[in-house]
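Each of the two complexes below includes chain A, the first together with chain B, the second together with chain C.
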Partner chain A sequence: MPLDLVCPAGSLMSLKAAIDNGADAVYMGFRDNTNARAFPGLNFDETQAAEGLRYAHDRGRRVLLALNTYPQADTWARWTGAIDRAAKLGMDAVILADAGLMRYAVKQHPALRLHLSVQGSATSYEAVNFYREHFGVQRAVLPRVLSLPQVENVVKHTDVEIELFGFGGLCVMVEGRCLLSSYCTGESPNSAGVCSPPKAVRWTDTAVGLESRLNGVLLDRYGKDEKAGYPTLCKGRFEVSGETYYALEEPTSLNTLDLLPEMLKMGIAAIKIEGRQRSPAYVAQVTKVWRAAIDAVKKNAEGFKPTPAWQAELNKLSEGQSHTLGAYHRPWK
Partner chain B sequence: MLNLAFPPSLANMVSRLPVTPPSLAFSLAANRLLWPALKTLDWQPLIGRCYAIRVKDLGLNLRFTVSQRGFAPDSGVPDLTISATARDFLLLLSRREDPDTLFFSRRLVSEGDTELGLTVKNLLDALDPEAILHRLPLPLARAAQRMMAA
Partner chain C sequence: MNLSLGPLLYYWSREDTLAFYAEAANWPVARVYLGESVCSRRHLLRLPDWLALAEQLAAAGKDVVLSSQTLVESESDLKALRRMIGDGRFMVEANEWGAVRLLSGTGVPFVAGHTLNIYNPETLDVLAGLGAQRWLPPVEMSRVALMSILAGAPAGMETEVFAYGRLPLAYSARCFTARHYNLPKDDCQFRCLDHPDGMQLSTREGEPFLTLNGIQTQSAGVYNLIGELPSLRELNIASLRLSPQSRHMGRVVEAFRAALAGEPAAADALVRIMPGPAVDGYWHGRAGLENSLAQNA
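Then we have the complex of A and B:
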């Protein structure tokens, strides 16, 4: 089915909110740094994962497990253990980034369906096809750096299903290779599972504004009526040559509702919604809007136009001052 | 839409009260009404830390700690301070708003130990509101249900 709606689940309640509001699939992580949302108290232990799977499968929906960080030599067994658990639990797919883990999964659990994570950073059909040929990967989540014509070029030259990000926070998008936060914290999201380890983050409401710091480094200072963003280095404001501004990336959210007809036409298999760190309220609200939008575009692609109500609802949930079509829309291309 | 604005005079009056009586009242009420439903959660990472909830429009500053037996008033330096208006706290508790949404729009401020803050948030997110409602005294459960359906 084209344009499957894949929604985030950081907890059982979020999973239920996603399913109840029309997600075709949810993605979740285990309670450790084997996934890229390794926040304290978030994610699923084995019992909760089993209950989530039951809830989804009873309603004909699927559950994908994000195992999208990179194991280190001394922690290898934690990641392979997670693959074993995923297979035992009956996950519908695992979302992997590391080629070594793919090899392990293919050897130990040949029936387990593999998705290539955005963290795998495959942007060309040659790279996507490599994962298909060697590990039988069935779906790839493309990094958010390609324009739509570039995405289309990938789709045309591969049998692998293509999944695109549809909505959620944007970052500098050096997926799987971003080491920015390690300059401040000594940890990078690729192996630690978070961009800014919460233990290193401090928020202080001061007379001059709300300040966010990462391991003591001032990331941003928000004026009274400015919208705040996540405390990541890539979205900080820094002084460069005497000017203070978002030197790397402005806090914005991706919102691709406008592009749904083109995505449908080029045969995009699934749309991913970002936000496993968010609460059930967010998951319910965003899933509801995207379910309605995807149903509408499938019914009448030519006449499709996102309603102001959908856009307003999504804007309200967004990080940063604005939303954008991201790299998908580059009119000069 | 829920409309809960408190008269400034009331907020002014409440803000002049010392911290302890409201914190004591909060702890007693929370233990009586909520603890039976909450105690099954994994409180281990939260035990012994000091928390402050600032209800900005009411001028209310609730300071408490958590143990295996429930909430208790506390006057230590808070490890975590969460500030919002009464209405926004209710929107959060009733699952009608997401904390990050309120945070981006500066309606919710979390200061102190960020890791502790996220642990609290995720612990509460994992709660099934229906299971809580089940254990509340009937009038309170009905009021909460009305609030969540509004």
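Then we have the complex of A and C:
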């Protein structure tokens, strides 16, 4: 089925919001650092996961489990235990980044469907096909670094289904290859399942403005009329050669509604919405817009144009109230 | 324990690059990594040039390893990768899993680079089965985490640790150097050439934080494990990787040689020629930008 809509479920409420508003699948994580949104108060214990699965399956939808951090040597059993639980619960797929963990999954649970996480940093068909050959991976989520023609080249050279990010937070770095967060705080998505972790964030009102710090490092300073966003490290303002600006990326969200016809045409299997850390209301609104858009493009790809109402709704929900096509659109680079 | 000269991460003129490696032939390093592993647009040296350099350094008694591109995006990136692996004269360092796929088909041993994200012995074992003979842990890995992996590492696997230089922390499709100059990446005018050690990025209160190097983001702090030789020896580390900087690299190598030989003044000599503040937080399981010596002082 082309252009499946895959939505974030940080909680049971969000899961239901996504399903009720038309998600084909949701993705979730267990309540520990086995997934890349290991935030306090998020994610599922086994009972909630079972309830979520029941809710989704009763309605003919699927549940994917993100186990997409890199297992650490001394706590390896936490990740293999999570794989075992996923199989026992009847997850429709697990989303993995680590080759060693894939080998374990294939050996212990050969019927369990494997997806390659964006954290696996596979940006070429050679890399994607590596995971296919060795572990039978059936779908790969591509990092948000390829232009659309480059994505198409991957699709043409692999049997693996390709899933793309469509909307939400924008990683400016190749996922899985970014250690900025651990350089600053000691915790990275790879090893701890967090980026710019909330516990390292400090807000201070000063004479020169509101300051956001991450483990003491000044990420930004806001004037009276400026809206302050969550201090994600790569979206701060810094000084380079005497100029102060968003040296890496502006606070902005990815929004690829405009690209849906091309994505459909090139055979993209699924569109992923980022945001397990967002509220159920957010998930409901974003899912609703994307459901409508995907239905519309499937009905009439030639005549497809995102409605102003959809874009307005999504912009309202975007970081910095602005959006970008990211690397899919070459000039962004 | 011996020394490796890591791949040149910056973009230097052809003359400067050749002069650098002419000197390196005389440095006390056992191994030299060659090739452009950061940006596919950098072309002042092409594969035949790197191979000629490789021959010269091999003739000078160095083990030579060709370091593959870390971010492979286009078909031409793949072609370059296949050409490099296809040459077959030198060992290759795989910096992403596409290279692993191509190398595992050749039956030739390879080096598993630090961006392959090897965080546990099982993944290391997968790579050993495919032909990896040597590996580098992710630069964020602590001594304690490395010890856990090595306890279960496959037999015969050599470990190399990134021990000196600005830390390669992140890679992007976007070029941050071009962005600084308001240039599109496709017409970057090769501004990296003006910044032989990258561009420093500081916080708004003037604290050096990161270094922009094209599509790569490095630390501003200089990772330095010269004071950790006893713990590195205890872990049975085969080699220490020293990452090239534009000035005083011969003296950096000499400082590590002296330290390995047990000369006590070596660490102090090194501090005087480092291009930024020393950091070693990662090794101690802390934020990368921390410096254990500063805290003890």
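FYI, the second predicted complex is superposed on the first by the 324 of 333 C-alpha atoms of A that agree within 3 Å, B and C clash if a C-alpha of one lies under 4 Å from a C-alpha of the other, contacts with A are read in each partner's own complex, and residues count from 1 in each chain.
Here, contacts are C-beta pairs under 8 Å (C-beta built on N, C-alpha and C of every residue); 3 or more make two chains touch, one makes a residue touch a chain.
Keep in mind the model is a prediction, meaning the values are calculated, not measured.
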Partner chain in contact with A:306 - chain B first, chain C second, else both or neither: neither
Partner chain in contact with A:122 - chain B first, chain C second, else both or neither: second
Which partner, chain B or chain C, touches more chain A residues: C
Partner chain in contact with A:189 - chain B first, chain C second, else both or neither: neither
Residues of chain C that touch chain A when the two form their complex: 70-75, 77-78, 81, 96-102, 115, 117, 119-127, 138-140, 145, 148-149, 151-152, 167, 169-176, 179-180, 184-186, 199-207, 209-210, 212, 217, 219, 281-282, 285-289
Interfacial residue positions of chain A with respect to chain B in the complex: 10-14, 39-42, 197-199, 201-205, 210, 222, 224-229, 231, 277-282, 284-285, 316-320
Complex contact set, residues of chain B against chain A: 45, 83, 95-101, 103-106, 109-112, 114-115, 117-123, 125-128
Touching residues (chain side chain A, partner chain C) in the complex: 70-74, 76, 97-101, 103-104, 120-127, 129-131, 133-134, 144-147, 150, 153, 172-174, 176-180, 182-186, 188, 190-191, 215, 217-221, 237-241, 243-244, 247-249, 327, 330-333
